[in-house]
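One chain, chain A, appears in both complexes that follow, with chain B as partner in the first and chain C in the second.
So, the complex of A and B:
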């Protein structure tokens, strides 16, 4: 059974003129690291909300088809059912933090699901260590930097032991170094076995970690596959996807008759391919 | 012209957000302000449009101390687009949102409509006029907030993180629009972490850290300085990393490569004869 299955799913928000998602069909399995990208307004956020039933249960509208998360139809089970399967992290962590300190924040979700206090205690300590939050233990969330708040928000999400972390542009309000730290944590969680669905425009930062990239445009999936294969497609430029600079150089060289053999995703990979080409 | 003279500011009297900022902005300039979160970038631009007044030091706008000017008076000259569009949008249609500012500064109904149409089209928002901003995606709301200020064409335009949530096309559209306004003599200031956007579009860069200006000069010079990159919590651009890695093997690769086209030519030079 797939972890997430979109079975010909379409959705239109109440009052909107056009469908936000059009006949989406795909499956996502345990352990995958899927990056979703595409022009703004293409349906990425709606896609994330559909995974944990916020669409169509909280955000209402016209629905066709089904989404199954962990085998359960998101139209039939309560939103709370999915909180412990798919953990959502948003762009602005301030909107997500509800309590006054780190420990309470992490404990909040499992407390609401009736998890035993000793188990909650264990999860809090484990997550404080995993996300390096020891120094923030006594700090009020509003005294924290954006990067610190986002780390706490991720910890609070993980406290519910989700099988997939769904992160919607989690680093776009952060400075580049804090952004990199968050993305390293996400890549680390994936290596430990958690599936990741990440919405991101800045593929320079994330393409190297992904096992799969999905391109969306106007509510549809227009490409889905290995990051190097997808980013090498001309379609990316046509719909306005921010192809990594190193990949852009590769493409420009190719049109001038220089074939580098493989598609680079980072500057360092590009330099390595150039070196290999000279030694051939 | 805007002149900041030894500007100090603290929000709560304990933590000092600006510690002696001195800066001259000439008419028709185009520059970027970079720095880590909390460096004071937003606080500085809020002094340019009078939302904040210095607790020590002065801000001089066209020869007048802003201390003696009203926010309305300053806002007519200096437009500011906030980082978070939700702090700015409040009406129930995109059309009303964009025309609100235009009508306020005295444009007639038909002039306002004309400007609104033109601005929405150049930001890829045609067809959105009747939508409520609150039904739009994050990136679209951001462009509505931009449109509401860009349409008034203030003489000084300050934008706080305008590229957040924007895809490659939209960034190009925005860059083009800013370049056109700049050509018409408008001053454009952008606060951003988006180093590629700076490299491609802004000749002058001011770097801030801990409430002070730590570098001010040509973008190429400021961004080639590793200490600036580090103190501003920036990541070195991918093209710089590629150039560095290449330089280890091919010493002829230059020290100051930043543009994609420069790297492309360098690699052509290395592989062209291969």
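So, the complex of A and C:
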């Protein structure tokens, strides 16, 4: 059984003119690192919301087809059912921190689900260590930077022990340095075995870690596959995806008749390929 | 408004901070009631001198003194007006006791608000059988006050940049100037509320009937001791005040 399965799923928000998602068909398995990208308004956020039933349970609208998360139909179970399966991290960290200090924030989710206090305490300590939050332990959200807030938001989501972390542009409100730190944490979580669905524009930073890239445009999936294959397509430039610099260089060289063999995703890879080609 | 600081929680590690909020509530109410029972200078000064060590126990004397300095103007106002307008025999003594009483009342309640974190307050309410949703709404309101404040400033700046003159004109115009601030602020807040709800919903808010709490407030021996001694003092004071009567020296007044 796939962890997440979209079966011909379409959705239109109440009062909207067009479909936000059009006949999405795909499966995501345990351990995958899926990066979703595409121009704004292409349906990425709706896609994330559909995974834990926020669409169609919290945001109402026209629905066709089904989404099965951990085998459960999101049309039939309420959002909270999926709290311990799919953990969502949103764009604005400020709106995800609802209590007055870090410990309470991490405890909020498990408390809601009625987890035993000793177990909650254990998870809080574990996550404070994992995400390096010791110094923030007793800070008010207002006293933290955006990057710190987002780290706490991730910890609060992980406290529910989800099988998949769904992060919807978690770095878009952050400065480049904090953004990089957050993406490193996400990559690290994936290496520890957690499936990740990440919406991100800065492919320069994430393409190397992803196991799969999905390109969306106007509510449809237009490409889905290995990062190197997807980013090598001309389609990326057509719909305006931020292809990594190294991959761009590869493509320019290719149009001039210089074949590097493999598609590079980072500067280091590109340098190696060039070195190889010149020494040949 | 700096005198309001004395009602704002400060993170400290002190004897007072470690006490259960419920026992501190009893203490505050007893102190306030006792100060309300007297109109004479000497007993009020005695109440006041009993309160100071409690503030010291909360390691907040500095903060308290600063707030009282901020209160200075108001105290002078109370003194002057009451002295001039009071029909009492000794108007100055009367206004002086009013002023001391005001300080004692503020100090009594600041004992509670200085040392109880809003989260603890809502936890106390929950354990007093208030519904979780209501108690949580209260602590969330506290949580988002600074956020909304920041947003209001951002909107003010944006409107100024577009040429809205917020600080000019007469009173009517200034009040009308609030509209271009308050309308966007409400819209932004509603949007924010939706996004907060989304995040809380995703973390299972309100799903389980048997919500657990990582930390429950525990009424310890020291809390019982505090509550019992507070009540004892209250009874003693009521007894002396209403049944025995104050000794003559306590009724002393300034001769004007």
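The rule is short, and it goes like this: the second predicted complex is superposed on the first by the 280 of 280 C-alpha atoms of A that agree within 3 Å, B and C clash if a C-alpha of one lies under 4 Å from a C-alpha of the other, contacts with A are read in each partner's own complex, and residues count from 1 in each chain.
Methods note: contacts are C-beta pairs under 8 Å (C-beta built on N, C-alpha and C of every residue); 3 or more make two chains touch, one makes a residue touch a chain.
Predicted model only: the values in this text are computed from it and were never measured.
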item: Touching partner for A:76 - first (chain B), second (chain C), both, neither; value: neither
item: Touching partner for A:242 - first (chain B), second (chain C), both, neither; value: first
item: Partner chain(s) touched by A:204 [first = chain B, second = chain C, both, neither]; value: first
item: Chain B versus chain C as contact partner of A:39, first or second or both or neither; value: first
item: First, second, both or neither for A:125, with chain B first and chain C second; value: neither
item: Which of chain B and chain C A:115 touches, first, second, both or neither; value: second
item: Doubly contacted residues of chain A, that is, touched by chain B and again by chain C; value: 92
item: Residue ranges of chain B in contact with chain A within the complex; value: 36-38, 83-84, 132, 135-140, 142-143, 161, 164-171, 193, 195-196, 232-235, 237-246, 249, 260, 263-264, 267-268, 270-272, 274
item: Sites on chain A touched by chain C in the complex; value: 49, 52, 54, 58, 78-80, 82-84, 87-88, 90, 92, 94-101, 103-104, 107-117, 120-121, 124, 138, 140-142, 153, 156-157, 160
item: In the complex, chain C residues that touch chain A; value: 11, 117-119, 139-140, 142-143, 146-147, 192, 195-208, 210-216
item: Interface residues, chain A side, partner chain B - complex; value: 13, 15-16, 38-41, 45, 91-92, 145-147, 169, 172-178, 180, 201, 204-205, 237, 239-246, 248-249, 252-253, 256, 258, 266-268, 270-272, 274-275, 277-278, 280
